[in-house]
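Labels A, B, C and D are assigned to the chains in the order they are written; within every chain, residues are numbered from 1.
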(Lines give C-alpha, C1' and ligand atoms only; values in the text may rest on other atoms or scores of the structure.)
Protein backbone atom coordinates (compact mmCIF):
# COMPACT_ATOMS: atom_id res chain seq x y z
CA UNK A 1 0.00 0.00 0.00
CA UNK A 2 3.00 2.28 0.32
CA UNK A 3 1.41 4.23 3.18
CA UNK A 4 3.60 7.24 3.97
CA UNK A 5 3.76 8.95 7.38
CA UNK A 6 4.99 12.35 8.49
CA UNK A 7 4.20 14.65 11.44
CA UNK A 8 2.92 18.18 11.87
CA UNK A 9 2.70 20.40 14.95
CA UNK A 10 -0.55 22.42 15.03
CA UNK A 11 0.28 26.13 14.86
CA UNK A 12 -1.54 28.88 16.76
CA UNK A 13 -2.63 30.60 13.54
CA UNK A 14 -4.24 27.36 12.37
CA UNK A 15 -6.75 27.40 15.23
CA UNK A 16 -9.97 29.40 15.18
CA UNK A 17 -12.37 30.87 17.74
CA UNK A 18 -13.94 27.43 18.27
CA UNK A 19 -10.50 26.64 19.79
CA UNK A 20 -9.88 23.87 17.27
CA UNK A 21 -8.02 23.67 13.96
CA UNK A 22 -9.98 25.51 11.26
CA UNK A 23 -11.39 22.94 8.83
CA UNK A 24 -9.69 24.52 5.80
CA UNK A 25 -6.26 23.75 7.22
CA UNK A 26 -6.66 20.00 6.83
CA UNK A 27 -6.67 20.56 3.06
CA UNK A 28 -3.23 22.12 3.61
CA UNK A 29 -2.13 19.19 5.77
CA UNK A 30 -3.09 16.88 2.90
CA UNK A 31 -0.77 18.89 0.64
CA UNK A 32 2.08 18.70 3.14
CA UNK A 33 1.60 14.93 3.41
CA UNK A 34 1.68 14.34 -0.36
CA UNK A 35 4.68 16.66 -0.80
CA UNK A 36 6.67 14.76 1.81
CA UNK A 37 5.54 11.42 0.38
CA UNK A 38 6.82 12.35 -3.07
CA UNK A 39 10.08 13.59 -1.52
CA UNK A 40 10.46 10.22 0.22
CA UNK A 41 10.50 8.60 -3.22
CA UNK A 42 13.70 10.44 -3.99
CA UNK A 43 12.19 13.18 -6.14
CA UNK A 44 10.95 16.43 -4.57
CA UNK A 45 7.73 17.89 -5.92
CA UNK A 46 9.65 21.18 -6.33
CA UNK A 47 11.98 19.31 -8.74
CA UNK A 48 8.99 17.88 -10.60
CA UNK A 49 7.73 21.43 -11.17
CA UNK A 50 11.21 22.48 -12.32
CA UNK A 51 11.11 19.58 -14.77
CA UNK A 52 7.79 20.91 -16.09
CA UNK A 53 5.46 18.38 -14.50
CA UNK A 54 2.66 19.85 -12.40
CA UNK A 55 0.04 18.13 -10.28
CA UNK A 56 -2.90 20.54 -10.04
CA UNK A 57 -5.76 19.45 -7.78
CA UNK A 58 -8.88 18.34 -9.66
CA UNK A 59 -10.95 17.59 -6.58
CA UNK A 60 -10.58 17.21 -2.85
CA UNK A 61 -12.82 15.88 -0.12
CA UNK A 62 -12.50 15.70 3.64
CA UNK A 63 -14.51 14.02 6.38
CA UNK A 64 -14.21 15.59 9.83
CA UNK A 65 -14.49 13.13 12.72
CA UNK A 66 -12.90 14.77 15.78
CA UNK A 67 -11.20 18.15 16.17
CA UNK A 68 -7.44 18.68 16.53
CA UNK A 69 -6.29 21.38 18.93
CA UNK A 70 -3.45 23.87 19.38
CA UNK A 71 0.06 22.45 19.73
CA UNK A 72 -1.12 18.89 19.11
CA UNK A 73 1.37 16.67 17.32
CA UNK A 74 -0.40 15.20 14.31
CA UNK A 75 0.37 12.11 12.29
CA UNK A 76 -0.27 12.72 8.60
CA UNK A 77 -0.71 9.60 6.47
CA UNK A 78 -0.87 9.58 2.68
CA UNK A 79 -1.13 6.79 0.14
CA UNK A 80 -1.85 6.31 -3.56
CA UNK A 81 -5.34 5.01 -4.26
CA UNK A 82 -5.29 5.10 -8.02
CA UNK A 83 -2.92 5.89 -10.87
CA UNK A 84 -3.81 6.29 -14.52
CA UNK A 85 -1.86 7.60 -17.44
CA UNK A 86 -2.94 11.19 -16.86
CA UNK A 87 -4.25 11.32 -13.30
CA UNK A 88 -3.65 10.28 -9.73
CA UNK A 89 -5.86 9.66 -6.71
CA UNK A 90 -4.45 10.01 -3.20
CA UNK A 91 -5.93 9.28 0.23
CA UNK A 92 -5.15 10.84 3.61
CA UNK A 93 -5.63 10.38 7.30
CA UNK A 94 -4.85 12.99 9.96
CA UNK A 95 -4.68 11.64 13.51
CA UNK A 96 -3.18 12.35 16.92
CA UNK A 97 0.41 11.14 16.88
CA UNK A 98 0.27 9.69 20.38
CA UNK A 99 -3.24 8.32 20.83
CA UNK A 100 -3.99 7.46 17.20
CA UNK A 101 -7.38 9.19 17.44
CA UNK A 102 -8.47 9.94 13.87
CA UNK A 103 -9.39 13.56 13.22
CA UNK A 104 -9.94 13.77 9.47
CA UNK A 105 -9.80 11.49 6.44
CA UNK A 106 -9.86 12.56 2.82
CA UNK A 107 -8.93 12.08 -0.78
CA UNK A 108 -7.66 14.23 -3.64
CA UNK A 109 -7.46 13.77 -7.39
CA UNK A 110 -4.73 15.36 -9.49
CA UNK A 111 -3.97 15.73 -13.17
CA UNK A 112 -0.50 15.53 -14.61
CA UNK A 113 0.06 18.72 -16.61
CA UNK A 114 2.82 20.84 -18.05
CA UNK A 115 3.60 24.31 -16.67
CA UNK A 116 0.74 25.77 -18.78
CA UNK A 117 -1.66 23.39 -17.04
CA UNK A 118 -2.15 21.35 -20.24
CA UNK A 119 -2.64 17.62 -19.49
CA UNK A 120 0.24 15.31 -20.26
CA UNK A 121 0.31 11.50 -20.54
CA UNK A 122 2.83 10.94 -17.77
CA UNK A 123 3.28 7.26 -18.54
CA UNK A 124 4.30 8.01 -22.10
CA UNK A 125 6.03 11.33 -21.74
CA UNK A 126 7.95 10.92 -18.48
CA UNK A 127 7.91 7.18 -17.72
CA UNK A 128 10.60 7.44 -15.02
CA UNK A 129 8.29 9.55 -12.84
CA UNK A 130 5.26 7.43 -13.66
CA UNK A 131 7.21 4.44 -12.42
CA UNK A 132 8.02 6.17 -9.16
CA UNK A 133 4.30 6.59 -8.44
CA UNK A 134 3.59 3.07 -9.62
CA UNK A 135 6.38 1.56 -7.55
CA UNK A 136 5.19 3.40 -4.45
CA UNK A 137 1.67 2.06 -4.92
CA UNK A 138 2.84 -1.52 -4.94
CA UNK A 139 5.06 -1.28 -1.88
CA UNK B 1 -34.01 27.26 -4.57
CA UNK B 2 -33.04 30.24 -2.46
CA UNK B 3 -29.69 30.63 -4.21
CA UNK B 4 -27.67 33.30 -2.44
CA UNK B 5 -24.98 35.42 -4.11
CA UNK B 6 -22.14 37.51 -2.76
CA UNK B 7 -18.80 38.70 -4.14
CA UNK B 8 -15.16 38.34 -3.16
CA UNK B 9 -12.03 40.04 -4.47
CA UNK B 10 -9.08 37.62 -4.72
CA UNK B 11 -6.30 38.76 -2.38
CA UNK B 12 -2.58 38.59 -3.12
CA UNK B 13 -1.93 36.26 -0.18
CA UNK B 14 -4.54 33.82 -1.55
CA UNK B 15 -2.47 33.17 -4.68
CA UNK B 16 0.40 30.70 -4.86
CA UNK B 17 3.49 30.20 -6.98
CA UNK B 18 1.38 28.64 -9.73
CA UNK B 19 0.01 32.24 -9.99
CA UNK B 20 -3.52 31.07 -9.26
CA UNK B 21 -5.64 30.92 -6.11
CA UNK B 22 -4.38 28.14 -3.84
CA UNK B 23 -6.95 25.33 -3.82
CA UNK B 24 -7.41 25.43 -0.04
CA UNK B 25 -8.78 28.97 -0.22
CA UNK B 26 -11.97 27.89 -2.00
CA UNK B 27 -12.92 26.04 1.19
CA UNK B 28 -12.66 29.46 2.88
CA UNK B 29 -14.74 31.09 0.14
CA UNK B 30 -17.43 28.46 0.79
CA UNK B 31 -17.45 29.54 4.44
CA UNK B 32 -17.73 33.21 3.50
CA UNK B 33 -20.63 32.42 1.19
CA UNK B 34 -22.58 30.45 3.80
CA UNK B 35 -21.92 33.09 6.48
CA UNK B 36 -23.27 35.85 4.27
CA UNK B 37 -26.22 33.67 3.22
CA UNK B 38 -27.22 33.13 6.84
CA UNK B 39 -26.79 36.86 7.53
CA UNK B 40 -29.13 37.61 4.61
CA UNK B 41 -31.84 35.64 6.42
CA UNK B 42 -31.75 38.22 9.19
CA UNK B 43 -29.70 36.22 11.66
CA UNK B 44 -25.89 36.43 11.65
CA UNK B 45 -23.97 33.22 12.21
CA UNK B 46 -22.06 35.08 14.95
CA UNK B 47 -25.41 35.55 16.74
CA UNK B 48 -26.21 31.86 16.30
CA UNK B 49 -22.96 31.01 18.07
CA UNK B 50 -23.80 33.50 20.82
CA UNK B 51 -27.15 31.73 21.19
CA UNK B 52 -25.29 28.44 21.62
CA UNK B 53 -25.97 26.94 18.21
CA UNK B 54 -22.88 25.87 16.27
CA UNK B 55 -22.56 24.50 12.76
CA UNK B 56 -19.33 22.48 12.70
CA UNK B 57 -18.33 21.08 9.31
CA UNK B 58 -18.82 17.30 8.99
CA UNK B 59 -17.50 17.04 5.45
CA UNK B 60 -16.54 19.21 2.53
CA UNK B 61 -15.81 18.53 -1.10
CA UNK B 62 -14.63 20.71 -3.95
CA UNK B 63 -14.25 20.18 -7.70
CA UNK B 64 -11.73 22.42 -9.44
CA UNK B 65 -12.61 23.32 -13.03
CA UNK B 66 -10.66 26.47 -13.93
CA UNK B 67 -8.28 28.58 -11.84
CA UNK B 68 -9.11 32.02 -10.42
CA UNK B 69 -6.33 34.61 -10.43
CA UNK B 70 -5.10 37.59 -8.44
CA UNK B 71 -7.48 40.54 -8.10
CA UNK B 72 -10.29 38.73 -9.88
CA UNK B 73 -13.78 39.60 -8.72
CA UNK B 74 -15.51 36.35 -7.81
CA UNK B 75 -19.18 35.53 -7.55
CA UNK B 76 -19.84 33.18 -4.64
CA UNK B 77 -23.13 31.27 -4.77
CA UNK B 78 -24.52 29.18 -1.93
CA UNK B 79 -27.75 27.26 -1.51
CA UNK B 80 -29.30 24.69 0.80
CA UNK B 81 -29.36 21.19 -0.66
CA UNK B 82 -30.73 19.32 2.30
CA UNK B 83 -32.02 19.97 5.79
CA UNK B 84 -32.74 17.38 8.47
CA UNK B 85 -33.47 17.70 12.15
CA UNK B 86 -29.80 17.61 13.12
CA UNK B 87 -27.86 18.35 9.95
CA UNK B 88 -27.61 20.55 6.90
CA UNK B 89 -26.16 20.16 3.43
CA UNK B 90 -25.06 23.20 1.43
CA UNK B 91 -23.82 23.60 -2.13
CA UNK B 92 -21.49 26.22 -3.63
CA UNK B 93 -20.30 27.64 -6.89
CA UNK B 94 -17.38 30.04 -7.30
CA UNK B 95 -17.23 31.82 -10.66
CA UNK B 96 -15.89 34.94 -12.35
CA UNK B 97 -18.29 37.79 -11.58
CA UNK B 98 -18.12 39.24 -15.07
CA UNK B 99 -17.81 36.31 -17.44
CA UNK B 100 -19.63 33.70 -15.38
CA UNK B 101 -16.81 31.20 -15.96
CA UNK B 102 -17.13 28.55 -13.26
CA UNK B 103 -13.97 27.96 -11.23
CA UNK B 104 -15.00 25.60 -8.45
CA UNK B 105 -18.14 23.84 -7.25
CA UNK B 106 -18.59 22.08 -3.95
CA UNK B 107 -20.73 20.94 -1.05
CA UNK B 108 -20.47 20.85 2.72
CA UNK B 109 -22.36 19.03 5.43
CA UNK B 110 -22.83 20.47 8.90
CA UNK B 111 -24.18 19.28 12.20
CA UNK B 112 -26.20 21.43 14.56
CA UNK B 113 -24.46 21.33 17.94
CA UNK B 114 -24.24 23.24 21.19
CA UNK B 115 -21.06 25.09 22.21
CA UNK B 116 -19.58 21.80 23.49
CA UNK B 117 -20.04 20.33 20.00
CA UNK B 118 -22.78 17.96 21.24
CA UNK B 119 -25.46 17.42 18.56
CA UNK B 120 -28.80 19.12 19.08
CA UNK B 121 -32.15 18.49 17.34
CA UNK B 122 -32.50 21.98 15.91
CA UNK B 123 -36.09 21.42 14.76
CA UNK B 124 -37.18 20.55 18.28
CA UNK B 125 -34.90 22.68 20.38
CA UNK B 126 -34.70 25.92 18.40
CA UNK B 127 -37.56 25.77 15.88
CA UNK B 128 -37.32 29.45 14.95
CA UNK B 129 -33.86 28.93 13.51
CA UNK B 130 -34.82 25.65 11.87
CA UNK B 131 -37.62 27.50 10.13
CA UNK B 132 -35.21 30.11 8.83
CA UNK B 133 -33.20 27.40 7.06
CA UNK B 134 -36.36 25.69 5.89
CA UNK B 135 -37.90 28.88 4.58
CA UNK B 136 -34.72 29.76 2.70
CA UNK B 137 -34.70 26.34 1.05
CA UNK B 138 -38.18 26.80 -0.33
CA UNK B 139 -37.63 30.29 -1.70
CA UNK C 1 -3.37 63.78 3.34
CA UNK C 2 -5.15 61.58 0.85
CA UNK C 3 -6.35 59.16 3.53
CA UNK C 4 -8.10 56.23 1.87
CA UNK C 5 -10.81 54.13 3.54
CA UNK C 6 -12.22 50.70 2.81
CA UNK C 7 -13.97 48.03 4.89
CA UNK C 8 -13.33 44.39 5.74
CA UNK C 9 -15.51 41.80 7.45
CA UNK C 10 -13.50 39.59 9.85
CA UNK C 11 -13.63 35.98 8.64
CA UNK C 12 -13.90 32.91 10.86
CA UNK C 13 -10.56 31.54 9.63
CA UNK C 14 -8.86 34.81 10.62
CA UNK C 15 -9.63 34.25 14.31
CA UNK C 16 -7.53 32.09 16.63
CA UNK C 17 -8.06 30.17 19.83
CA UNK C 18 -7.72 33.42 21.82
CA UNK C 19 -11.07 34.20 20.08
CA UNK C 20 -9.60 37.30 18.46
CA UNK C 21 -8.09 38.02 15.04
CA UNK C 22 -4.65 36.41 14.78
CA UNK C 23 -2.03 39.17 14.79
CA UNK C 24 -0.52 38.08 11.45
CA UNK C 25 -3.77 38.87 9.64
CA UNK C 26 -3.45 42.62 10.19
CA UNK C 27 -0.41 42.52 7.89
CA UNK C 28 -2.81 41.11 5.28
CA UNK C 29 -5.38 43.81 6.04
CA UNK C 30 -2.65 46.40 5.39
CA UNK C 31 -2.10 44.84 1.97
CA UNK C 32 -5.82 44.90 1.19
CA UNK C 33 -5.99 48.57 2.19
CA UNK C 34 -3.06 49.61 -0.02
CA UNK C 35 -4.35 47.56 -2.95
CA UNK C 36 -7.75 49.23 -2.78
CA UNK C 37 -6.12 52.66 -2.30
CA UNK C 38 -4.07 52.23 -5.48
CA UNK C 39 -7.18 51.02 -7.32
CA UNK C 40 -9.03 54.16 -6.18
CA UNK C 41 -6.39 56.21 -8.05
CA UNK C 42 -7.59 54.67 -11.28
CA UNK C 43 -4.80 52.12 -11.67
CA UNK C 44 -5.11 48.63 -10.16
CA UNK C 45 -2.02 47.15 -8.56
CA UNK C 46 -2.62 44.07 -10.73
CA UNK C 47 -2.20 46.34 -13.79
CA UNK C 48 0.99 47.82 -12.32
CA UNK C 49 2.41 44.29 -12.07
CA UNK C 50 1.31 43.58 -15.67
CA UNK C 51 3.17 46.77 -16.68
CA UNK C 52 6.29 45.38 -14.96
CA UNK C 53 6.26 47.58 -11.86
CA UNK C 54 6.33 45.70 -8.58
CA UNK C 55 6.09 46.99 -5.03
CA UNK C 56 7.80 44.38 -2.82
CA UNK C 57 7.64 45.01 0.92
CA UNK C 58 10.95 46.15 2.44
CA UNK C 59 9.68 46.38 6.00
CA UNK C 60 6.46 46.33 7.95
CA UNK C 61 5.54 47.18 11.51
CA UNK C 62 2.34 46.90 13.49
CA UNK C 63 1.23 48.10 16.93
CA UNK C 64 -1.58 46.15 18.53
CA UNK C 65 -3.88 48.22 20.75
CA UNK C 66 -7.17 46.32 21.08
CA UNK C 67 -8.30 43.03 19.55
CA UNK C 68 -10.80 42.69 16.70
CA UNK C 69 -13.25 39.79 16.86
CA UNK C 70 -15.15 37.44 14.55
CA UNK C 71 -17.62 39.01 12.13
CA UNK C 72 -16.65 42.55 13.15
CA UNK C 73 -16.85 45.13 10.38
CA UNK C 74 -13.46 46.83 10.20
CA UNK C 75 -12.50 50.19 8.76
CA UNK C 76 -9.13 49.99 7.02
CA UNK C 77 -7.35 53.32 6.49
CA UNK C 78 -4.23 53.79 4.39
CA UNK C 79 -2.23 56.86 3.43
CA UNK C 80 1.12 57.74 1.89
CA UNK C 81 3.67 58.89 4.44
CA UNK C 82 6.67 59.28 2.16
CA UNK C 83 7.58 58.98 -1.49
CA UNK C 84 11.07 58.97 -2.98
CA UNK C 85 12.32 58.15 -6.44
CA UNK C 86 12.71 54.46 -5.67
CA UNK C 87 10.65 53.81 -2.53
CA UNK C 88 7.38 54.46 -0.79
CA UNK C 89 6.25 54.56 2.83
CA UNK C 90 2.62 53.87 3.73
CA UNK C 91 0.72 54.09 7.02
CA UNK C 92 -2.34 52.16 8.19
CA UNK C 93 -5.03 52.15 10.82
CA UNK C 94 -7.46 49.28 11.44
CA UNK C 95 -10.49 50.19 13.57
CA UNK C 96 -14.06 49.17 14.30
CA UNK C 97 -16.26 50.60 11.55
CA UNK C 98 -19.05 51.61 13.91
CA UNK C 99 -17.38 52.69 17.14
CA UNK C 100 -14.08 53.94 15.71
CA UNK C 101 -12.15 51.97 18.33
CA UNK C 102 -8.60 51.62 17.02
CA UNK C 103 -7.30 48.03 16.91
CA UNK C 104 -3.97 48.24 15.13
CA UNK C 105 -1.78 50.89 13.50
CA UNK C 106 1.22 50.28 11.29
CA UNK C 107 3.51 51.26 8.47
CA UNK C 108 5.16 49.55 5.52
CA UNK C 109 8.01 50.49 3.21
CA UNK C 110 8.16 49.34 -0.39
CA UNK C 111 10.66 49.48 -3.20
CA UNK C 112 9.73 50.05 -6.82
CA UNK C 113 11.19 47.17 -8.83
CA UNK C 114 10.81 45.40 -12.16
CA UNK C 115 9.48 41.84 -12.36
CA UNK C 116 12.96 40.50 -11.51
CA UNK C 117 12.84 42.49 -8.26
CA UNK C 118 15.58 44.87 -9.49
CA UNK C 119 15.04 48.44 -8.22
CA UNK C 120 13.80 51.00 -10.71
CA UNK C 121 13.75 54.82 -10.42
CA UNK C 122 9.98 55.18 -10.76
CA UNK C 123 10.12 58.96 -11.11
CA UNK C 124 12.41 58.74 -14.12
CA UNK C 125 11.28 55.50 -15.70
CA UNK C 126 7.50 55.59 -15.25
CA UNK C 127 6.69 59.21 -14.34
CA UNK C 128 2.94 58.80 -14.91
CA UNK C 129 2.71 56.30 -12.07
CA UNK C 130 5.04 58.30 -9.87
CA UNK C 131 2.71 61.24 -10.32
CA UNK C 132 -0.29 59.15 -9.27
CA UNK C 133 1.37 58.44 -5.92
CA UNK C 134 2.54 62.03 -5.61
CA UNK C 135 -0.87 63.45 -6.43
CA UNK C 136 -2.55 61.17 -3.90
CA UNK C 137 -0.14 62.31 -1.19
CA UNK C 138 -1.02 65.96 -1.69
CA UNK C 139 -4.79 65.47 -1.69
CA UNK D 1 22.50 35.13 24.39
CA UNK D 2 20.37 32.02 24.54
CA UNK D 3 19.83 32.03 20.77
CA UNK D 4 17.36 29.29 19.86
CA UNK D 5 17.22 27.54 16.48
CA UNK D 6 14.57 25.50 14.74
CA UNK D 7 13.74 24.71 11.12
CA UNK D 8 10.75 25.16 8.83
CA UNK D 9 10.02 23.82 5.36
CA UNK D 10 8.32 26.43 3.13
CA UNK D 11 4.84 25.20 2.17
CA UNK D 12 3.19 25.68 -1.22
CA UNK D 13 0.31 27.67 0.29
CA UNK D 14 2.82 30.08 1.85
CA UNK D 15 4.05 31.24 -1.56
CA UNK D 16 2.32 33.89 -3.65
CA UNK D 17 2.11 34.81 -7.32
CA UNK D 18 5.49 36.58 -7.06
CA UNK D 19 6.74 32.97 -6.57
CA UNK D 20 8.20 33.82 -3.16
CA UNK D 21 6.94 33.45 0.41
CA UNK D 22 4.20 36.00 1.08
CA UNK D 23 5.56 38.61 3.48
CA UNK D 24 2.81 38.02 6.06
CA UNK D 25 4.00 34.46 6.63
CA UNK D 26 7.26 35.55 8.25
CA UNK D 27 5.18 36.94 11.12
CA UNK D 28 3.88 33.36 11.49
CA UNK D 29 7.42 31.95 11.33
CA UNK D 30 8.34 34.30 14.19
CA UNK D 31 5.51 32.79 16.23
CA UNK D 32 6.65 29.25 15.45
CA UNK D 33 10.20 30.14 16.50
CA UNK D 34 9.16 31.64 19.85
CA UNK D 35 6.78 28.75 20.56
CA UNK D 36 9.54 26.19 20.00
CA UNK D 37 12.01 28.31 22.00
CA UNK D 38 9.68 28.35 25.01
CA UNK D 39 9.11 24.58 24.62
CA UNK D 40 12.89 24.07 24.65
CA UNK D 41 12.94 25.63 28.14
CA UNK D 42 10.85 22.73 29.39
CA UNK D 43 7.52 24.54 29.45
CA UNK D 44 5.24 24.55 26.38
CA UNK D 45 3.44 27.79 25.57
CA UNK D 46 0.23 25.72 25.43
CA UNK D 47 0.86 24.83 29.10
CA UNK D 48 1.47 28.49 29.94
CA UNK D 49 -1.96 29.31 28.50
CA UNK D 50 -3.51 26.45 30.49
CA UNK D 51 -1.89 27.95 33.59
CA UNK D 52 -3.56 31.27 32.76
CA UNK D 53 -0.52 33.14 31.47
CA UNK D 54 -0.88 34.63 28.01
CA UNK D 55 1.64 36.44 25.84
CA UNK D 56 -0.37 38.66 23.47
CA UNK D 57 1.63 40.53 20.85
CA UNK D 58 1.95 44.27 21.51
CA UNK D 59 3.97 45.05 18.41
CA UNK D 60 5.86 43.31 15.65
CA UNK D 61 8.28 44.48 13.00
CA UNK D 62 10.00 42.75 10.11
CA UNK D 63 12.72 43.75 7.67
CA UNK D 64 12.72 41.90 4.35
CA UNK D 65 16.18 41.39 2.81
CA UNK D 66 15.92 38.51 0.35
CA UNK D 67 12.97 36.30 -0.59
CA UNK D 68 12.53 32.68 0.49
CA UNK D 69 11.05 30.28 -2.04
CA UNK D 70 8.90 27.15 -2.21
CA UNK D 71 10.23 24.03 -0.47
CA UNK D 72 13.25 25.89 0.93
CA UNK D 73 14.44 24.66 4.30
CA UNK D 74 14.56 27.68 6.62
CA UNK D 75 16.50 28.23 9.80
CA UNK D 76 14.42 30.17 12.32
CA UNK D 77 16.38 31.87 15.10
CA UNK D 78 14.82 33.50 18.15
CA UNK D 79 16.30 35.15 21.20
CA UNK D 80 15.22 37.31 24.14
CA UNK D 81 16.21 40.94 23.74
CA UNK D 82 14.57 42.35 26.84
CA UNK D 83 12.59 41.21 29.85
CA UNK D 84 10.71 43.40 32.31
CA UNK D 85 8.24 42.58 35.02
CA UNK D 86 5.27 42.76 32.69
CA UNK D 87 6.67 42.55 29.17
CA UNK D 88 9.10 40.77 26.89
CA UNK D 89 10.98 41.68 23.74
CA UNK D 90 12.09 38.98 21.30
CA UNK D 91 14.23 39.09 18.17
CA UNK D 92 14.18 36.82 15.11
CA UNK D 93 16.16 35.89 12.05
CA UNK D 94 14.89 33.75 9.18
CA UNK D 95 17.59 32.40 6.86
CA UNK D 96 18.33 29.61 4.42
CA UNK D 97 19.32 26.54 6.43
CA UNK D 98 22.09 25.53 4.07
CA UNK D 99 23.62 28.75 2.77
CA UNK D 100 22.92 30.98 5.76
CA UNK D 101 21.53 33.70 3.48
CA UNK D 102 19.39 35.97 5.65
CA UNK D 103 15.84 36.51 4.38
CA UNK D 104 14.10 38.44 7.15
CA UNK D 105 14.91 39.84 10.58
CA UNK D 106 12.44 41.16 13.11
CA UNK D 107 11.34 41.78 16.66
CA UNK D 108 8.16 41.42 18.69
CA UNK D 109 7.01 42.80 22.03
CA UNK D 110 4.61 40.89 24.27
CA UNK D 111 2.73 41.60 27.46
CA UNK D 112 2.19 39.02 30.18
CA UNK D 113 -1.56 38.82 30.82
CA UNK D 114 -4.18 36.55 32.31
CA UNK D 115 -6.76 34.79 30.14
CA UNK D 116 -8.88 37.98 30.12
CA UNK D 117 -5.92 39.84 28.60
CA UNK D 118 -5.39 41.86 31.82
CA UNK D 119 -1.67 42.57 32.45
CA UNK D 120 0.01 40.61 35.21
CA UNK D 121 3.37 41.25 36.93
CA UNK D 122 4.95 37.95 35.95
CA UNK D 123 7.98 38.42 38.19
CA UNK D 124 5.77 38.79 41.27
CA UNK D 125 2.85 36.55 40.42
CA UNK D 126 4.51 33.58 38.68
CA UNK D 127 8.22 33.89 39.53
CA UNK D 128 9.05 30.35 38.32
CA UNK D 129 8.10 31.27 34.76
CA UNK D 130 9.76 34.66 34.96
CA UNK D 131 12.95 32.86 35.94
CA UNK D 132 12.72 30.57 32.93
CA UNK D 133 12.75 33.60 30.62
CA UNK D 134 15.49 35.26 32.67
CA UNK D 135 17.64 32.14 32.71
CA UNK D 136 17.29 31.70 28.95
CA UNK D 137 18.39 35.30 28.37
CA UNK D 138 21.61 34.81 30.30
CA UNK D 139 22.61 31.56 28.63
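As a convention for this text, a contact is a pair of C-beta atoms (placed from the backbone, for glycine too) under 8 Å apart; a residue touches a chain by one contact, two chains touch by 3 or more.
Only a predicted model underlies this, so the values are computations on that prediction, with no experimental measurement involved.
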{"item": "Self-contact between copies subunit A and subunit D, residue sets same or different by half", "value": "same"}
{"item": "Furthest chain, CA centroid comparison against subunit B", "value": "D"}
{"item": "Whole-Å gap between the CA centroids of subunit A and subunit C", "value": "34"}
{"item": "Separation of mean Cα positions, subunit D and subunit A [Å, integer]", "value": "28"}
{"item": "Subunit A and subunit B, separation of their C-alpha mean positions in angstrom", "value": "24"}
{"item": "Residue list for subunit C, restricted to those that touch at least two other chains", "value": "12-13, 24, 28, 31, 70"}
{"item": "Residue numbers on subunit D that touch subunit C, as the complex places them", "value": "18, 23-25, 27-28, 31, 54, 56-64, 67, 117"}
{"item": "Subunit D - residues contacting subunit A, complex", "value": "11-13, 28, 31-32, 35, 44-46, 70-71"}
{"item": "Sites on subunit D touched by subunit B in the complex", "value": "12-13, 15-17, 19-20, 22, 24, 69-70"}
